[in-house]
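Listed after this line are the structures, all set down as structure tokens.
Look for chain A in each of the two complexes below; its partner is chain B in the first and chain C in the second.
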Partner chain A sequence: MTDTTNPTAGDAVAETARSFDPGTNVLVVDESGGEALPFSLRHTAADEGVAVVTTDHSAPSVADAARRSLADSARLDIVDCTGKSTGVDTPVVDSLVSAGQDLPSVGEATVDTVQSGDSTALSTVHLGSMSTLVARSTVQQVYKLLYMVADQVRANGLVAFYAWDGPSDAKTLRILGQALDRRVSLEGRGEPTVRSSTEWSGDDG
Partner chain B sequence: MSDDDPVVLLVEDERDLADSFGSLLDDEYDVRVAYDAQTALDLYDEAVDVALLDRRMPGMSGDEVLRHIRDEPGDCGVGMLTAVDPAPDIADMGFDEYIVKPASGDDLMSLVETLLQRTTCDEALRRHYRLTNKIALLEEYLEPAELADSEEYQRLNEELADVDRTASEAVEDLDSADVGAILRSDSQP
Partner chain C sequence: MDEQLDQQAGGADTSGPDATFRTVTDLLDSWDPHAGRNTPAARDLRWYLNEELNDGDTSVWNRDIVERRRGSSSADVVVNGEIGVKLVERTGSTDPGDLTVVIRLLSKQYNYLVIYWLDASPVEADYRRNVERKLSAAQLGIKDLRFVTAPSGASGPTPPAQSAVGGPGLRRPLFAGGLSVLGAGIAGLLVTHFSELSQLFVFGIAGVVALSALLSVFVVTQ
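== the complex of A and B ==
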């Protein structure tokens, strides 16, 4: 792995595009909320395809945020698991599908998206948010979802970001993080800290 | 109840609780209820799909029943349904799931469904689930300092790393329907 750079929040996309190797699963902890998706997009090359699976942010807001970062030619797929069906301008989004809000439905939709990566030229998947999924089910259930999705991400050579929005507890993050490869904490305005799974497993209490 | 219903062996020394749980399960499963360990062993055979075991019972314990079951032919799903908090000794136990009582009827039904699904899993994936459950239980019930000193906890994590290397192939073969089915049938109380 060569993904040890710590880009600052204001870095341009091109300067951070190779921060994470293909096949890497990254837990993005964003206690203040709202910064995880922009972080994911900053770590995607502007002309590469992105799929966003959203459980809380509306499809139009995701599309708006994504299009500010991505090149016009870049593919953008949105899987809307918010339960609030809203339309998005067709030219803005290449694919918009709705899926159930429950964990199994989110899991099915995410795996479908990851496995379609080859045919749709995706390089990055953003899944948000883990905190919402835990609230809807259990930590163990979400861990199992992450375990299965993360393996598919590795097999398909994508980079996946899993957002944790809002307050967190160390034990939950440690359990979820065991299924993933990297963890980034978006704290303050300084450089995010990128850590491997083994680095964080022993220090979160 | 039909002949095709899965067979559930319920072992619980508190008779009222055993009868109550047995009645709940009886609509969907072929239930065998034992109030003590020896009766449980008499009722156990290869037809049993799921065994729910109390740990602390007069005479032979549920832990011993579990060892006997694992020594016998068959590969039923085993859930510990007990008032005993998990401790490092669970590392060497052959259960699939562990629920600390009190448990609701919904907890019970979910547990049985989970265990039935688990018996259909690839062996590597099933071992993965067993190990992650034990690790999660210890992390929930032990203090960080106890975890750091626990050889069993470290060993479980090492075993999990080994198993994951094998299980990875099985997971990669899953499609979205498989993932959805696992998560639906695997819901925890």
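== the complex of A and C ==
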């Protein structure tokens, strides 16, 4: 195990929500729901690839939403962990992989995707949603998953967004956020504020 | 969310968060913080918990994440992000209220807390009782709170000489006084043997011996 927290945790937050440095893991809190994926896609370079790991929304609905925000030339991979593979043809998707709903399956599929980032020209990974994973298992299990995935994201120089949809519990977010580097709350209008993990660890949100 | 957590953590589970917490507290019961003399206690504890919790786990997804944290408002060692272990050194004359404030802050960051008393000496017993009486898991709004005291004999840093009753603090001045008396006696014998003014010197040396003895007694009693 590593000796301390994330390498970027505690640094002054230089990024705005418009750009994140490679190797950054961002918790996106979206209490109203439905905004986290568009946010992730808006913060992906126009011609770079995105992988979306979905635990609750079907692959076709993710593909529709993603294609509305991505450039036509941008690569789109989907890892379907909903356990409800529809078999529907999704021509706008470059790669569609089905994985189990359990946490180790979601974790392994996500890590495989991150590790293949070099060969598939991926720059961004979106994992949604944390709230679904916590409901299916425990905070500790989800923390372990985030810890392992975030480590791989840093090592492979990608940017990863972890969506929390729906009502949130301050302590749960604080616990999960310890494994990540930045946090963004999608509330109100305008560009959201980006905070480092150390900045939010002492507040109520 | 809290209800969800209650459901997940509740019941007699054998592999959930409650079971992990029980395992951590059991391991702390058998940890000797002063076994690794030259290693800071927090580093030693992280290593120990990591070894013991992950012994035999081959899948990375089953491994428990044991991290060391720094900062007064953070736990020293954290297991799976949710279990915080705070190591408390010798408290001296600090107000128990200071520690309860820190524990209340920690309760906002973790669902399970262990307060580990590194100093098991009886001198600290009142302080420990004072803190333990004031706090409970329900009061803090967390799943569980445990206090673990280091094995007796593991009482932190070596205490200063003057507080060690009957120890080196007492023996050192006695030894110095004895040496003074012996030195003065030898000097007196030499002078009486080689000098015509032996009478005068004998009185002088007797005075030095008497003064040394008095000085030794004074130092010891202080």
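General observations
The definition used in the following text is that the second predicted complex is superposed on the first by the 180 of 205 C-alpha atoms of A that agree within 3 Å, B and C clash if a C-alpha of one lies under 4 Å from a C-alpha of the other, contacts with A are read in each partner's own complex, and residues count from 1 in each chain.
Definition applied: contacts are C-beta pairs under 8 Å (C-beta built on N, C-alpha and C of every residue); 3 or more make two chains touch, one makes a residue touch a chain.
It should be emphasised that the depicted structure is a prediction, and the values quoted were computed from it without experimental measurement.
The superposition on chain A brings chain B into a clash with chain C. Contacts of A:A65 after superposition: neither chain B nor chain C is touched. Touch criterion not met for A:V97: it reaches neither chain B nor chain C.
Look at A:A45: by the touch rule set out above, it reaches neither chain B nor chain C. In the superposition on chain A, A:L176 makes contact with chain C only, while chain B stays out of contact range.
With both structures placed on the common chain, the touch criterion links A:A135 to chain C but leaves chain B unconnected. When the two structures are aligned on the shared chain, A:A155 is found in touch with chain B, with no touch to chain C. Residues 103-104, 107-108, 137-140, 143-145, 147-148, 171, 174-175, 202 of chain A are contacted both by chain B in one complex and by chain C in the other. By the touch criterion stated above, chain C contacts chain A in their complex at residues 1-2, 4-5, 8-9, 16-17, 20, 43, 46, 50, 59-61, 63-70, 73-74, 78, 80-83, 108-111. The part of chain A that touches chain B in the complex is made up of residues 103-105, 107-109, 111-112, 115, 137-141, 143-145, 147-149, 151-152, 154-155, 171, 174-175, 202, 205. Across the complex, chain A is touched by residues 128-129, 132-133, 136, 139-140, 144, 148, 168, 171-172, 174-177, 179-184, 186-188 of chain B. Per the touch definition, chain A reaches chain C in the complex via residues 1-5, 103-104, 107-108, 134-135, 137-140, 143-145, 147-148, 167-172, 174-176, 178-179, 201-202.
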